[in-house]
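Pasting the structures in now, so scroll down.
Both complexes below contain chain A, partnered by chain B and then by chain C.
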Partner chain A sequence: MIARQLLAAEGGNEFQAPGTEIFDWGPLWDGAPSWLTKPTLIVALSVIIVCGFFWAAFSKPKLVPRGVQNIGEVGYLFVRDQVARPMIGKDGDKWMPFLLSTFFFILVMNLMGVIPVLQLPAPSHIAFAIVPAAVVYVLMVFLSIKHQGLGGWFKNMMFPPGLPAWLYIILAPIELLSTVILRPFTHAVRLFANMFAGHLLIAFFASVGYWFLIEKLTPLGSGLGVLGFVMSVVMTGFEIFVQALQAFIFTLLAASYIGGALHPDH
Partner chain B sequence: MVRAAMSKEGRRPDPESDSDHRAFTNAAWSIPGYLLSGMAVYGGLGWLLDRWLGTSALLPIGVLVGLALALYLVYHRYGR
Partner chain C sequence: MGVLAEVTGNVGSIAYGLAAIGPGIGVGIIFGQGVQAIARQPELYNTIRQNMLLGFALTEALALIGFVVPFVHS
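Right after this comes the complex of A and B.
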């Protein structure tokens, strides 16, 4: 990818930092359907990996877990005890199928950013962050109306008890905008921006290393090239951490929105 | 918050204090949304008034007022 990018810029003798074009992927091969691109392939692959993993882990469960089942159970317990129960409460277990699949789907999509050859976190295309966030948003609206009623939902959202009446007129628009409009937006953008920036950073350091050590090796530039290679390894490690963290935060917020819809009084 | 619940009741937090944990997490993640929202609502209002009246000072004033109101809202919802 980076090599191709640099070849494209070969005309010039100056180093060119990778830009947003590293996210543009056309159809996989000439004549392929226009939707069949690298990002969609990565999403499809993530679905298969997540389904396959849980099939392997839980299709024939044993009382004493071994191998894949062990990893699956650790993952399940993590999501249940760190996300579902603290955020939703006693009825959190009911939401485990949704939260567990959300967490692992996003985690695998993110980790695709550090898998050699694939090397593209799918949510670095904002569409793949918008769709899960939209699913959570629709679910939140549906549950809020179901459990609080349409009027009750807006009342709980816009009129927190204990304020003088004239303040409500001033504060209610802020509440409305932040909950109904900004919430799905920040939910999606947080995931997208982290993946986008991380991918760009790794690509930048890797191309610095490639350019100054391989493409245009000079005594002066070699130090910079070594720094670029070292930093791309460091950033890859850091990205693995960010990718896991963002999958966790996305799921945590989804659970928090569901919990808020079910128990508005908290 | 958890510490306050512990000292008040003199025992370790049990599953009941999960709601404290939730309130804390909710607060931590909704503050940016509230701040953005406050600035957008009252900054937007200031911008509209600016266009209408031909002034230029109401947009920054509106942004600051919105920010202050959003902070007050956060304090009211989660701070006490």
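Right after this comes the complex of A and C.
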């Protein structure tokens, strides 16, 4: 705090790190409906982009793919071979429409965090992380009851065979808690918190750079400003990686929950 | 005797520092063992990476919950 005051003392005002207020967005213009904010605009844009991309890629499929279809097929094969087949098994291909659209929808929503002008990952508002996670959770409960029966589901969940009897006293409540409550919670919070933290981090470094290089340029502070600028570039690169990884992990976990519901034995 | 040591500011940051210890160790173990497993059996790379990322995601959730709680609580 002292260093900051020293470096930016002239104006009498000190550097303020951005807080949660950078996530508050009002209606887009005066008189706009109250739900029409920047995050909802980004979600709508993501839906349009994903639909448009797959429409362009697969509406008229050719045997020898060209152009957009090539990219679409690479994406499809990636989700099928890395997520659907290893996690669900032979009938994984049946779940591809759901998994592919989930993956790309979340990927595009996340990548909105590094696209200039927009620069807000939609899942940094927890509502947009809860809804996909809730869809997966409802699907998992429905499939579990359909394929294992209500009693069978709880039995497979809480009493996996082949363990010493006394262990079930500890295992059963933990498994019940982790499957029914913690799964959907962590599924949503993981995506939300990654995007939230990443956006806050970029905003922090960018505002350090702006403050010490433009707002309050001093000989001593300029080094810190350059550091902030460089770090905001580095963090943007790192965020692209994290955003892709989180979309992948979200889909991977969704597939693993679905696979667990369909085939409880492994 | 006056105040010997004082902490001001958001206590949530200390809470997050503490909450990051466990997942930090866990993520380190997961990737360390994962790389070791890949070095021993490079042909199982896909399977190992799959499980590595799954374990990473489950462990990381703890750190992220620790990160979110101060914001929710304040």
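Keep in mind that, in the parts below, the second predicted complex is superposed on the first by the 248 of 266 C-alpha atoms of A that agree within 3 Å, B and C clash if a C-alpha of one lies under 4 Å from a C-alpha of the other, contacts with A are read in each partner's own complex, and residues count from 1 in each chain.
We take it that a residue touches a chain if its C-beta (ideal position, glycine included) is under 8 Å from a C-beta of that chain, and two chains touch if they have at least 3 such contacts.
Keep in mind the model is a prediction, meaning the values are calculated, not measured.
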item	value
Touched partner set for A:197, first chain B, second chain C, both or neither	second
First, second, both or neither for A:252, with chain B first and chain C second	both
Chain B versus chain C as contact partner of A:170, first or second or both or neither	first
Which superposed partner A:186 touches (first chain B, second chain C, both, neither)	both
Touching partner for A:86 - first (chain B), second (chain C), both, neither	both
Touched partner set for A:20, first chain B, second chain C, both or neither	second
Overlapping contact positions on chain A, where the chain C interface meets the chain B interface	86-87, 186, 252-253, 256
Partner chain A, residues of chain B touching it in the complex	15, 18-19, 21-23, 25-26, 29-30, 32-34, 36-38, 40-41, 66, 69-70, 72-73, 76-77
Touching residues (chain side chain A, partner chain B) in the complex	85-87, 89-90, 160, 162-163, 170-171, 173-175, 177-179, 181-183, 186, 252-253, 256, 259-260, 266
Complex contact set, residues of chain C against chain A	46-47, 50, 53-54, 56-58, 60-61, 64-65, 67-68, 71
Residue ranges of chain A in contact with chain C within the complex	20, 82, 86-87, 186, 189-190, 192-194, 196-197, 245, 248-249, 252-253, 256
